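What follows is one structure encoded as structure tokens, with my remarks underneath.
In order of appearance the chains are A, B, C, D and E, and numbering begins at 1 in each one.
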Amino acid sequence: MLNIKKALVPKAANQKHRDYIFQKKIYNFTIIFSQFFVLFALLVLWEWAARVGIINTFLTSQPTKVWNTILTLYENSTLFYHIRITILETGVSFILGTIIGTLIATILWWWKFLNKVMDPYLIILNSLPKVALGPLFIIIFGLGFKSIIAMALAISVISTTIIVLSGFTNVDNNYLKLVKTFGASKYTTFTKIILPASIPTIASALRVSLSLSWVGVVVGEFLTGRAGLGYLAIYGGQTYQMDLVITSVVLLAICSAISYQILVFAEKKIQKRYS
Amino acid sequence: GCKENDVESMPKVRVSEVIHSVFYAPQYVALHKGYFEDEGLDVELAIAWGADRGAAALLSNSADIALFGPEAAVYIAREQTDTKLVGFAQLTQKDGSFFLAREPMPEFEWTDVKGKTIIGGRPGGVPQMVQEYVLYHNDVVPHHDVEIIQNIDLGATAQAFENDVGDFVQLFEPGASIVENTGSGHVVASFGEAGGDIPYTVYHATDSYIEENPDIIQKFTNAIYRAQIWVDNHSAEEIAEVIQPSFAETDYDILVSSVERYKKQDTWSKDPILRKESLDKLQEICIFSEELDKKVPYEEIVKTKFAEEAVKSINID
Amino acid sequence: MAKVKIKNASVNYMGIKGITEAVKNINLNVNKGEFISIVGPSGCGKSTLLSLIAGLVKHTDGVVENTFLRSGYMFQQDLLLPWRTVFDNTILGLEVSKKSTEENKRYAEQLLMSMGLEDFINFYPSELSGGMRQRVALARTLVLKPDLLLLDEPFSALDYQTRLNMQQEVSLKLRTEGKTVILVTHDISEAIAMTDKVVILTKRPGQIIKTINIELKCQLEEPRSRRRASNFGKYFNEIWEVLDNA
Amino acid sequence: MLNIKKALVPKAANQKHRDYIFQKKIYNFTIIFSQFFVLFALLVLWEWAARVGIINTFLTSQPTKVWNTILTLYENSTLFYHIRITILETGVSFILGTIIGTLIATILWWWKFLNKVMDPYLIILNSLPKVALGPLFIIIFGLGFKSIIAMALAISVISTTIIVLSGFTNVDNNYLKLVKTFGASKYTTFTKIILPASIPTIASALRVSLSLSWVGVVVGEFLTGRAGLGYLAIYGGQTYQMDLVITSVVLLAICSAISYQILVFAEKKIQKRYS
Amino acid sequence: MAKVKIKNASVNYMGIKGITEAVKNINLNVNKGEFISIVGPSGCGKSTLLSLIAGLVKHTDGVVENTFLRSGYMFQQDLLLPWRTVFDNTILGLEVSKKSTEENKRYAEQLLMSMGLEDFINFYPSELSGGMRQRVALARTLVLKPDLLLLDEPFSALDYQTRLNMQQEVSLKLRTEGKTVILVTHDISEAIAMTDKVVILTKRPGQIIKTINIELKCQLEEPRSRRRASNFGKYFNEIWEVLDNA
């Protein structure tokens, strides 16, 4: 027992500390184990229920079928094609959404009067269910890529603007007083203080913007996609291939979770530097 | 004659329709003229917004009876065998969509579309398959002689056409009437006429439900048959008047013109019997579009017993 | 000759609901090289008075004249920008006022060195202790070569020991450079230890209730030895009583 | 001029103060005026463009048509019927969503191990574009009300949980230390400290929950609604009646903006008491 | 007879990366009625030592005995719950420890009255000044009738004037009630003015470097007159030097 501990915890200040670290490690291991166990149990339960016939696989598919669908897509070499399309669309709308949102926020910060005038409209636009506007986008932006991006932007830009603007206005007033004693212009104040001081807020706006971009792209592909995971889902539904629907949902979940994690990681680095 | 109705315990029947459309006029007639009530049924309508979801509603037991095209039952019979969806009463016997061009073309020939662009429906959907079938049998090879746009949501095809996308568009009512009203499109052909008789929308239930509730199915079929008779014997204006409550949001004139158009081309079945020839034709169309490899036996997905009984017991007055 | 002359000055803040009289009837002269402190209950208008002298707020009545070339401000928080290094923080004022010449940058470095921060020039503020951060804030102020320094409770956010040390350091630095200083503080002993004249304000609207000249019996003009002066306690009690009855 | 000022600003400390308040009032009036003007100008422009034929009213409708549609709906007495349905659904999912979210957060706060195990799943669920799950809900909950509520909950619950849980864990540790010195149990700590101290966070979670409930109900009605504003929009879309689509979008925007304002008002009251 | 006996006690905090030795080799006895203060650089383990005495943390080595019946804690922040009235805040400890009897509630009222808070019983904390809030916090502690009071920098968040007044009030109150007090503070003059024995800790790991008994030449045992004692400055400098070299 002692040797196992020593092997697992080579570095420790003393025996008590080793016990402590050992317990921590066991605890962490139990957590990770449980996480995998939950996943595994769900999959097994699903598969079992499907095989025994408790659930109708035509409706809910089953893990092995989903896996086979993924393999088939891979062999068709369409798997990464669809994933790439959706990621590309999401990436473009995410970046555009963040830039546009920050720009609008900048304008509203600069021109307070406009800010006040636009205030109720921002609230209305924010609470407007943008999904209902789908057909309008097709009219304005035509079919395909542009409409999808427009849908995603419609969904993400206002939220981004509101968060970034609140970041701008919440910058500690004392910083503004400080640069005022140096005789700073509005432009200098913005570039030297407001913008860098808001980077943590902008970083957290990114999270919202990212998840809304995913939603927007999926809705956009429902509307007028020719490829991508959202298209796969709606095509699967149209042709009664629930396997395909579930597969694309699973793939979407994986992609968006990964992108989210990357963002959180980047955000932590930024937060560390900027606050 | 009608059976006695027991007002105390009217069985509740959850019915789902694919979409909410004038295309299913006899159903609303049955509803608003009280035929379901007469039969002793408490019908609750829900909208599935898609045939796939209508089928899913049956399979997951969230609807008792669902109205959709039998192709869904065909696909499901192909995919799995434990639960079968069985069609027992046919509502429409023709495709309900129309073909619109930008200019009036009194001398329209299907070959006129060669080299042009058509706004179609989603791949795998029946309207799209019928379109391809009709084109092919009129010497136009789909996707080869003609470009077909398929990635537009059903709710946005008319708008896309209005917005100068494509040369032709396939539209249901009241879309066709509305687009004609704006003057930017003109009906040049009807897929109902061109495609011939196919079981376009049919009431389905699971085989187990039919087995357990033959009474309900019979009463329901009776009500539908009575409505079909009524619709057949009345003018478009009269029909529009009756179904208006179900289309409170639609302009009355548009409603009349839509009904008129459907009536003129015999869209609605005269009786609820789903015949073998027409199902075969539908399956051919599916096979043609490569969505199906071989036909599913007629008996497996259709039961005409109730429809025949209705036709026998109800006299046309 | 007084370089700051305030005569019967008042400052009112306007608001929709009413007027806030922040300070009222202030008469104050500051000569070159003087070390003056302002004490008073919280919210009595001490910061307003400093802003008035710096020209950041306008007086509603009276006359305010300031013939110092340039005044430098130091606040309670160090207000270092976390995304800039110590050096970049120091030259913030230079950058903003477009004076970041090579020469001035060298001066910034010298200042940091003279404050014992030579090893931390490329550190970020989060890597420094509270005292070091406040020292950087002082360097940032001094690099603009102000002749008048306005210190608004500069040490009150520091812990006790650091505070005493900083009083010592800053006091020495400013006295050797021959600056003029106006220090706002709550801490009576800080006021006595650091300055030669204590101006006591009443509750809001702040009016000058008494001005006390501090003449301590000590050898060196530095807080540490001033605190040891035998008449330190006497001044403390005198100010305390005035404040307590204000 | 002086008399006008006196009439408009009866109470002021002195002449300067009166000028100040007068200017403030003028400024505020200008803002409100501009807000109405923007609205009015947009409507006029829209109507004009439609009449002159610059825009195709079949695609974009026009203000008078929207107004007529509203009148027609009102005369059919279906206007308030649809509004009522949607508000009811939103209300139910908002309340349920908040309760369920808070409950889950409570469980996760209580049982730290579960919290850690569920952590990655919460992230995945949160970033999953729930719109894609629509068909699954129909299978599980059937057509109609239940599916709509399920959709709205799917969209709102996870966010609510995450915000409320972060509220729970961010309660000042010193409060916990304080009640620990009184020998408080976990239950007492939760009821006396954690829950009331998190009320401001919960209140701000409500905002997110509300706007997600609106989105969820609209998406749900798209999926399987028989009535309600979302139903009107999709029905209008399917039958190419843009007037109806725009009308329902406008009504939705108004309803959600009003509900949002009510919430913000209530939130301010709460914030005042609890922090 | 010492009621708190600490012998060679150490406290280590465990972490994945290593052990933090917070305090080390502490030897301390506290008798009934004693007023002791603990001073030391920040982070040296002062709060840890208090928690150790209160039994909130466990010692890693040595012996710790506490035979006081009940100890009451007071923190730097007042930690009043903003959603409870003054009275409800006062009886929080009673509620939590299930002792909110009518009698105890009456006692809470009496306490509040004795602190001049009778008019504020139904006010919310946000409507009170800093000093009043800290007084409510004291009442909340005293209502549980502790015989040992552990004060962890109780006044350091208050402004200077309020701080001096609160030192006076609290000191009087606790001395008349015959409590035993251990006060942690950064403020050397607070330690001298309020307590009879100052324990000085080194930097972390905190060890007792020196214990100084305060014997001031003053008439009354209250901070205000203690501050006027002529040997106050001597003690101040003595402690300051020990701390500065620690």
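Heads up, the rule we're going with is that a residue touches a chain if its C-beta (ideal position, glycine included) is under 8 Å from a C-beta of that chain, and two chains touch if they have at least 3 such contacts.
Here's who's who by UniProt: A, D = ABC transporter permease; C, E = ABC transporter ATP-binding protein.
These numbers come from a predicted model, not from an experiment.
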Minimum number of chain-to-chain touching steps separating subunit B from subunit C: 2
Minimal step count in the chain contact network, subunit A (ABC transporter permease) to subunit B: 1
Contact-richer chain pair (by C-beta pairs counted) among D-E and B-D: B-D
Gap in Å, rounded to a whole number, between the CA centres of subunit D (ABC transporter permease) and subunit B: 38
Where subunit A (ABC transporter permease) and subunit E are represented by their mean Cα positions, the distance between them in whole Å: 49
Shared-contact residues (touching 2 or more other chains) in subunit A (ABC transporter permease): 59, 134-135, 139, 222, 237
Residues within subunit B bordering two or more other chains: 52-53, 56, 59-60, 153, 155-156, 159, 162-163
Touching chain combinations (by label order): A-B, A-C, A-D, A-E, B-D, C-D, C-E, D-E
Residue ranges of subunit D (ABC transporter permease) in contact with subunit C within the complex: 13-14, 16-17, 20-21, 24
Subunit B residues within the subunit D (ABC transporter permease) interface of the complex: 14, 16, 19-21, 45-49, 52-53, 56-57, 59-63, 153-156, 158-159, 162-163, 171, 174-175, 178-179, 182, 184, 248-250
Touch list for subunit C against partner subunit D (ABC transporter permease), complex: 14, 16, 18-19, 60
Sites on subunit D (ABC transporter permease) touched by subunit B in the complex: 56, 58-59, 69, 72-73, 76, 78, 135, 138-144, 222-226, 231-232, 234-242, 244
Interface residues, subunit C side, partner subunit A (ABC transporter permease) - complex: 54, 56, 71-73, 75, 77, 79, 81-83, 92-93, 95-97, 124, 144
